[in-house]
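By written order: A, B, C and D. Residues from 1 in each chain.
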Amino acid sequence: MIQGIPLEHFLIVSTIMFFIGVCGFIIRRNLITMLMAIELILNSVNINFVVFNRYLYPDQLQGQFFSLFIVGIAAAEASVAIALIINIYRKLQNIEVENVNEMKY
Amino acid sequence: MTGYTYTLFIIMIPLIMFLVTGLLGMKWKPIVSGLLGTTGMGISWVLSLVTAGSYFFGGHHAEGFQTIIPFEMKWLQFTDTLIIKMGILLDPISVMMLVVITTISFMVHLYSIGYMHGETGFARFFAFLSLFTFSMLGLVIAPNIFQMYIFWELVGVSSFLLIGFYYQKPSAVAASKKAFIVTRFADLGFLIGILILSFVTGTFDFAKLTQPGTAIFGSAASMSFLGISAMTWAMTLIFIGGAGKSAMFPLHIWLPDAMEGPTPVSALIHAATMVVAGVFLVARMFPVIHFQAPATQEIIGYVGGFTSLFAAVIAITQYDIKRVLAFSTLSQLGYMMLALGVSGYGGEEGLGYMASMFHLFTHAMFKALLFLGAGSIIHAVHSNYMYDMGGLRKYLPITHMTFLIACLTIAGVPFLSGFYSKDEILVAALEHNKLLFAIEFLVAGLTAFYMFRLYFSVFWGKDRHYHHTPHESPLVMTIPLMFLAVASIFAGYLPFTELVTSDKVGFESHMNFAVAIPSVLIGLFGIGMAWILYKKESDVPAKLAAKFGMLYTATYNKFYFDEIYLFVTKKIIFNYISRPVAWFDRHIIDAFMVGIGLTTEKISYQIKGMQSGQLQHYAFMFVAGTLALALSMIYLLM
Amino acid sequence: MNILTLLVLIPVLTMIAVLFTKDYKGARLASAIGMGIELIATVYLVLAYLAARKTGMMHEMLFTSDFIWYPSLNIHFAFGVDGIAVAMIGLTSIVIFAGIFASWELQYLTKEFFVSLILLVTAVYGFFISLDLFTMFLFYELALIPMYLLIGLWGTGPKEKSAMKLTLMLMAGSALIAVGILGLYYNSAPGGGQLTFNILEISKIKIPVAAQRFFFPFAFVGFGILGALFPFHTWSPDGHASAPTAVSMLHAGVLMKLGGYGCFRVAMFLMPQAAQEMAWIFIILTTISVVYGAFSAIWQNDLKFINAYSSVSHCGLVIFALLMMNQTAMDGAILQMISHGLMTALFFALIGMIYGRTHTRDVREMGGLMKVIPFLAVIYMIAGFASLGLPGLSGFVAEMTVFVGAFQHHDMFHRVVTVIVASSIVITAVYILRVVGLILLGPIKDAHHEHLHDAKWYEKLSTVTLVLSVAAIGIAPLWLSETIIASLKPIVEKLASIL
Amino acid sequence: MFYLFSGIILICSLLTITTRRILRAAVYLLCVLLATAGLYFMLNYQFMAAVQLTLYAGGIVVLIIFSILLTHHISHRFKHPDLTKLVMGISAAAIGSGLVIATILSHKFVPGTAPELPVNMTEIGNQLLSTGKNGYVLPFELISILLLAAMIAAIVVAKKEKNKNSEI
């Protein structure tokens, strides 16, 4: 099914996706959108792991496992992040990231 | 040779008395401390006399007296050769000093029981007296120069404590401080002198240092600093130490002020014992000074001569009787120094040395007598000033008689002890230095004049208005007066030339009438002048004073030396050194250190804006930083 | 159990005991007992040390023990003492014992105070017994932190600022020390092999001279800051002025000695070539320190400032003497450390007690205290005399040993600076007598002062302990001096061997 | 097939961060995740794909949508982002991706030649819980503790404070 598709293509896709995530994280104001951007980043890393596993070490499962763990971490991170966001929302009545600057200086 | 081990007790008894009365004195009745101290001192005195008797007269001394070290223990070791030992050294001058110190000290103790009666701090006074006596004894019996320095300092401190005995009186506090600091300054010279000496010779021991012809100075000749040889430096500096203690010009300023202390203290410390420590030191180092640093000996002679003249002139104008006596002491100390300055070494040549020690001995007796007499007068009229006194001979007969004897002695009237010792000095001076002889000859007349000025205005003249009729002091005070009067008369008959000489070998002495007769005459002339001017109240002195005008004022103000010193210390040291240093420390060095802190704070204040709280800025920075790192790793370092 | 371990263990146990006390009375009692036991242990140590030396144990260090702590960097807990360390431990025990009694009346957060104080002392003990540079440094750092709390919480005046200044400057010093120590560590095996922090092992090899030249100033200045080396002394007046009594005592009395001790044990002992080469710079600095500190003290009006500047002067003398690098002068330096430690602790204790009564430290506002508080006044005078070098008290012995030792140097430059330094004894007399004259003698200036009460029993205990120690050293210095000299031999030989 | 999925991924992820309606962003994110699952299927990693679908697409996205509903009105539109941030973000992304892609292209990957391991549930389960070589029980436990901690943290953080009147 993957014959003919070079490894590099996968990697390029995941790279672009990663940096779209980074870009999103930097430019969006909304905390939830930023969270989504993080999901994008994690997802692109996942792809890399899996692809490396498939192409370079097909006889092992490390890549998959790491992806699994990342998924787990992503889930944990999302839940905590959303809890925080809701708390921030309660305090500030919005979730604009610029307003969350109590800890400056 | 260990027969003298008991001499240890001479110095240990005062120490024990100091500790006992100092620590427990508060708990007893004051008189207990007084009696205890006096008894202890009495025992020391008797022991000293026994020592002197057996040392001087207990054997055959045709080839000279031996130096005996009956006790010595290691106290501190610096290097293999530089060891401080604590010990006792007996030789003619130290035995003589033992006698002088214990005698005067015992008399002063006895006298103080009466004089200090009822004062607060009676016990303290006796404790300090014991401390002083201990230190002074330790000084004279020191077998090495470092022990001498140790006790030298202790003497300074006990003098400080005793001058400042009336510690609630600001003038006493100031005087004690001045005395301590001036002598401390001189002690610095002494210390540096010791350092140089020990560096050159590698020893502290007098036994090695003062041996004539010793080889330890072998390397000294080649050493010099600023063109002056090391030994001259060392000896001059040590002499400065001695000059400080003996209040030689220009370090004399503390002695007149030291009269703020109780009068017995003045008698003990500032007339008879401590102030002669400087003379003793020079005498102790005499062989070294004479052979290794002749230039220093010249200096000593001139300083002594100048001081004696200078002090005698000032003494004429003073009204405080204790100050007159203080300047008189200065003048007499000048004599002793001068005698050492003009002395040679060995036999007849060493006449000056012998004369100096002789004069030291007689002077201790009559000057202590004068001070104790003055104390008796002050005790009676409650004033220090001559213009508050007059006609006292009726009220204070014993004091009057003894005081007269002392005045006659110091004036050099024949057949009293002062005559003999002063005469020897004049002879020695004449043989070596005519100029110094002339000075001393003049001073002899001045001495007679100012002493009898004092005597006549106090005991003669018309009665003053007294608060209550002056009465003679109690027996406990007059006994020391009488004893010392007897000593003053007869001390001159001791065969000093056979006992205390520069090379420890006795020689025959003979009267030099060519010197003796003129000196007696000038003394009598001085007395006569005083008789004319002060026997009866008259306005001649005032007229004379007015005639001399400026000169008189300058003399009365002691040639403004106090002011000069005050200017130097207050203005220059305090204002122009200390204050800028303190300011510099706070405002430059500290400010610099604080400045480092403040700069850090400022910078952090400036850059804290970077910590904007904007998460996305941080994220960007993070990414940018990572990229920059990656770029540099890949393209720059590879 | 090794006696040295015990020395560190007792304070730790005391701290725990203090934590379990109920009120300030319990806390101070526990501390007093603990430090009393510590003092006894120290006396035992001294006796055991002397006995061991007498039986002919010629090792450089005695009572050594060695635990590996962190093998991969070869860090050990290596303990051991020589005569110098024993002397310093003795000093520490006496000062802390007196210090506990000097803060007997403290009632604000007493428990915390004593815990911090004892923690500080523990670190000091640890420092003196360490043979391993790393643990030495560790204890050094450990001593600085409680100091901040002690000054910042229990001090007077601008205490936070002073505490900050003191801690930051000393921390800067310790940063320099850290560089020096690491430099030693990485050069401790020039021929290849296992790197080591052990002082004795490093002292046996020759650190490359280039490395010595580079790292010597770091280590020396670092320790010198704590030893109040000009111009890094300015933490001392502020810190001491703000610190509570016991802390001033301990700090000036013991902690500043860590500086001097470190200077010679680490910097000079391990890097002798560089020490020989650079000594002249530091000799000039310390000469300035001695004279300058004394002159500054003349102009101060705060008792603690006077004493702090006096400490600058006296501690300058310590480093000055160390740099002379001969046996007598170094012996004098150690004696001066001990002597200054005792008498400055005595001074600060007395200043604390006087301040507790008059509520002022300004010398111009006091007068005639001799009349109302004779006991304290007499002790103050004795302390003053010790400070200006009166024979029979420890200051004299120390100063004379320094001067004589320094003057034995073959070089003219050294002898000239010795003379300059010796002149400080006059200036010292000036400021000591100024203070004594102003506050103790003369008429009473403030009517409120007429009804002050004299020392309580604990104050007497505290001061008399110190006075007796000062007098004991002053009267019979020989055994102490010989113990120190015996321990100095290897150091002096090492310094001399490279000339 | 791959290019289809890749296209979906790229376009949808771009849209996720550019759309001005947050719910749409969530939906685009869902698309990205689904397409990624597709890729996994392509790679013959069914288990991975299943996890992706259930956990990511099912769990996380739903969580996000919930939170969106809690904190937003559906009709809410975003403001346009700041210009500076836009520049910052885009430049960072551009430079970063350029760099990484350049690196990837310059590197020669050596495909593994070993026979493919049959990926079935048993194998995964065994390896996940074994302690020997290729055993992952320790990370597994760590993850589980992490999840537990996260869960508790989420509850604690999000729990309403009792004494305060809050809007939600």
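As a convention for this text, contacts are C-beta pairs under 8 Å (C-beta built on N, C-alpha and C of every residue); 3 or more make two chains touch, one makes a residue touch a chain.
Quick caveat: nothing in here was measured; it's all calculated off a predicted structure.
Asks: Tell me which chains count as touching both chain B and chain D.
Replies: Both-contact set = A.
Asks: Count the C-beta pairs in contact for B-C and for A-B, then report the pair with the higher count.
Replies: It is B-C, judged by the count of C-beta pairs in contact.
Asks: I'd like to verify one number: the distance from the centre of chain B to the centre of chain C, where each centre is the average of its C-alpha atoms, in whole angstrom.
Replies: 37
Asks: Between chain A and chain B, what distance separates the C-alpha centroids? Give it in angstrom.
Replies: Each chain reduced to its C-alpha mean, chain A and chain B end up 94 Å apart.
Asks: What's the distance between the Cα centroids of chain C and chain D, rounded to whole Å?
Replies: About 63 Å separates the centre of chain C from that of chain D.
Asks: Indicate the whole-number Å distance between the mean C-alpha point of chain A and the mean C-alpha point of chain D.
Replies: 5
Asks: Residues of chain A that contact two or more other chains, please.
Replies: Within chain A, the residues that touch at least two other chains are 22, 25-27.
Asks: Note the residues in chain B that touch 2 or more other chains, in rising order.
Replies: 616, 620, 623
Asks: Multi-chain contacts in chain C: which residues touch at least two other chains?
Replies: Within chain C, no residue touches at least two other chains.
Asks: Can you name the residues of chain B that touch chain A in the complex?
Replies: 608, 611-616, 619-620, 623
Asks: Please name which positions on chain A make contact with chain B in the complex.
Replies: Per the stated touch rule, the residues are 22, 25-27, 34, 97-98, 100-105.
Asks: Provide the residue numbers of chain B that touch chain D in the complex, in ascending order.
Replies: 616, 620, 623-624, 627, 630-631, 634
Asks: Any idea which chain D residues touch chain B in the complex?
Replies: Touching chain B: residues 85, 88-89, 92, 95-96, 99, 103 of chain D.
Asks: Could you please specify the touching residues of chain B with respect to chain C in the complex?
Replies: That would be residues 74-79, 82, 146, 149-151, 153-154, 157, 160, 164, 167-170, 173-174, 176-177, 180-181, 184-185, 187-188, 191-192, 195-196, 198-199, 225, 573-574, 577-579, 581-582, 585, 589-590, 592-594, 597 of chain B.
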